[in-house]
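Input: structures, listed below.
Consider the two complexes below, in which chain A is the common component and chain B and chain C are the respective partners.
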Partner chain A sequence: MAEKKTLTFALMDAPYESARTTTALRLIDIAARRGYAVNVFAYEGAVLLPFSRQQPHPNTVHGRDVAEENHLLTKEVVAALIAEAARAGGKLDWVNCGLCVDERGAGEAIDGVRRGSPADFWKMAEASDNTLVIGTR
Partner chain B sequence: MASYLLIESRDPFESADVAFCHDLARHLAAAGNRVTVFVVQNGVLGVRAGAREPGYAELARAGVEVLADDFSLRERGISADRLAPGVTPSPLDLVIDRLADGAKAIWH
Partner chain C sequence: MKALSIVESAYRATIEEQDDTIVWLNHAMKAAGADLAVLLRGNAVNYAVRGQDAAGLAFGAWRQTQPPRIADDIASLAGKGVTVYVVAEDLAERGLDAGELVPGLERVSRDGLPGLFAAHDQVWHW
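Our next item is the complex of A and B:
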């Protein structure tokens, strides 16, 4: 059996703004499917990725109702990643920067997301095989 | 010999500092390190064979492994047979492989 690694990712982009978010979630997905221990430190706008009050919406311009629009919600992606990591025998530990949360009123996060500080990021990085910081430009 | 992974997400026709990433890769390779530049997102616009030369073929000639995210290529309708010399399509899994192996990774 392949060795289970521990990887840490730092994200900073808010949802629906950058292709970096798509790539970051793809990377986390790959690591989660391998059963790795995956740490995510969400900083700045990235704390809104698991915001529980995200709602799907219709698209009246294209004449599609909510179901037809099938709008992707990042909170559901994060929930799916947490579930996939557990299914594969690993764990996804998602930490939202508390100050960033307060600034944005983003305190209502989905289950499995915890509040922390940049000190948690340091601890995560120290305990990991590797760390990738995906910063905003 | 250290292993470096430079992830280039920027379109070279929009961001002049892509050259910084190339310079870093070239110098690291010249110093005897294993260097991979993994191009992703709009960065792949620069690896097209017909694109005005942004330096990827030169990087490959300098001993840098140049890989392009196959998903990003497909998203932009860039087929694998239309890439600059020395550029190889790769799944994103390669990034996780290298991270797991302890490569020094920089996102740009």
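Our next item is the complex of A and C:
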């Protein structure tokens, strides 16, 4: 059996603003499917990725109603990643930077997301095989 | 564990913590006991220049009374025991002399970067 690694990711971009976030979530998905212990420290705009009040919308340009459009909501992606990690025998610990949350009024996060601080990022990184920062450019 | 934070994007999001968010993050982690170093490269080497003044930001009747003082933040980071490196060639390309910088910095050449990275357990390119 392959070694179960512990990986930490630091994310910074707000939802939808950068393809870097899509790439980061795909990397986290791979780690989750492998049953790794995955830590995410969401900093700055990334704290809105699991914001629970995100809502899908219809897309008249596509001629699709809200159900047909199946809009990608990042809160649902985060929930799916947390579930996938658990299903595969691992865990996804998602920590939102608390001060970043306060500044953005983003306190309403989905279940499984917790509030933390830079000290949590340090602890997660210290306990990890490696850490990948995907910063804002 | 010893980590190296590379700061390259300069003057980005300075209104969020009224400083550079990554410099701020490193201050906070150092206060939590982290063993850190910071590397300023690219435009971020300008963070180390003394005498910057970002005061005066105003919108209508609102005034920002605590503007970013990033050079002071860099100096205080070094004062807390965080080694702050600056890439010598990036300083030279911007016409910056050592006398213009806050004290306590370590200059590193581009050729020296691989060795610097190898001396750290984790390297974070913010």
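Criterion: the second predicted complex is superposed on the first by the 137 of 137 C-alpha atoms of A that agree within 3 Å, B and C clash if a C-alpha of one lies under 4 Å from a C-alpha of the other, contacts with A are read in each partner's own complex, and residues count from 1 in each chain.
Here is the rule we go by: a contact is a pair of C-beta atoms (placed from the backbone, for glycine too) under 8 Å apart; a residue touches a chain by one contact, two chains touch by 3 or more.
What you are looking at is a predicted structure, and each value in this text was computed from that prediction instead of being measured.
S.K.: Does chain B (first) or chain C (second) touch A:Val133, or do both, or does neither?
M.R.: In the superposed model, A:Val133 contacts both chain B and chain C.
S.K.: A:Ser117 in the overlay: touching chain B, chain C, both, or neither? Say first, second, both or neither.
M.R.: The second partner, chain C, only.
S.K.: Which holds for A:Lys5: it touches chain B only (first), chain C only (second), both, or neither?
M.R.: A:Lys5: touches chain B, not chain C.
S.K.: Go through the superposed model and pick first if A:Phe51 touches only chain B, second if only chain C, both, or neither.
M.R.: Neither chain B nor chain C is touched by A:Phe51.
S.K.: Using the touch definition from the top, say if A:Tyr43 reaches chain B (first), chain C (second), both or neither.
M.R.: second
S.K.: Check whether A:Trp94 is in contact with chain B, with chain C, with both or with neither, and answer first, second, both or neither.
M.R.: So A:Trp94 meets neither chain B nor chain C here.
S.K.: Looking at chain A, which of its residues have contacts with both chain B and chain C?
M.R.: 130-131, 133, 135, 137
S.K.: Tell me, which parts of chain A touch chain C in their complex?
M.R.: My answer: residues 10, 12, 43-44, 99-100, 103, 117-119, 121-122, 125-126, 130-131, 133, 135-137.
S.K.: Name, in rising order, each residue of chain B that touches chain A in their complex.
M.R.: Spelled out, the residues of chain B in touch with chain A are 7, 9-10, 15, 40-42, 69, 71, 92-93, 95-96, 99-100, 102-103, 105, 107.
S.K.: Contact residues on chain C for chain A in the complex?
M.R.: Those in contact with chain A are residues 1, 3, 9, 12-13, 16-17, 21-22, 25, 28-29, 31-34, 122, 124-126.
S.K.: Taking the touch rule as given, give the residues of chain A at its contact with chain B in the complex, in rising order.
M.R.: 5, 7, 19-20, 23, 26-27, 30-31, 34, 36, 129-135, 137
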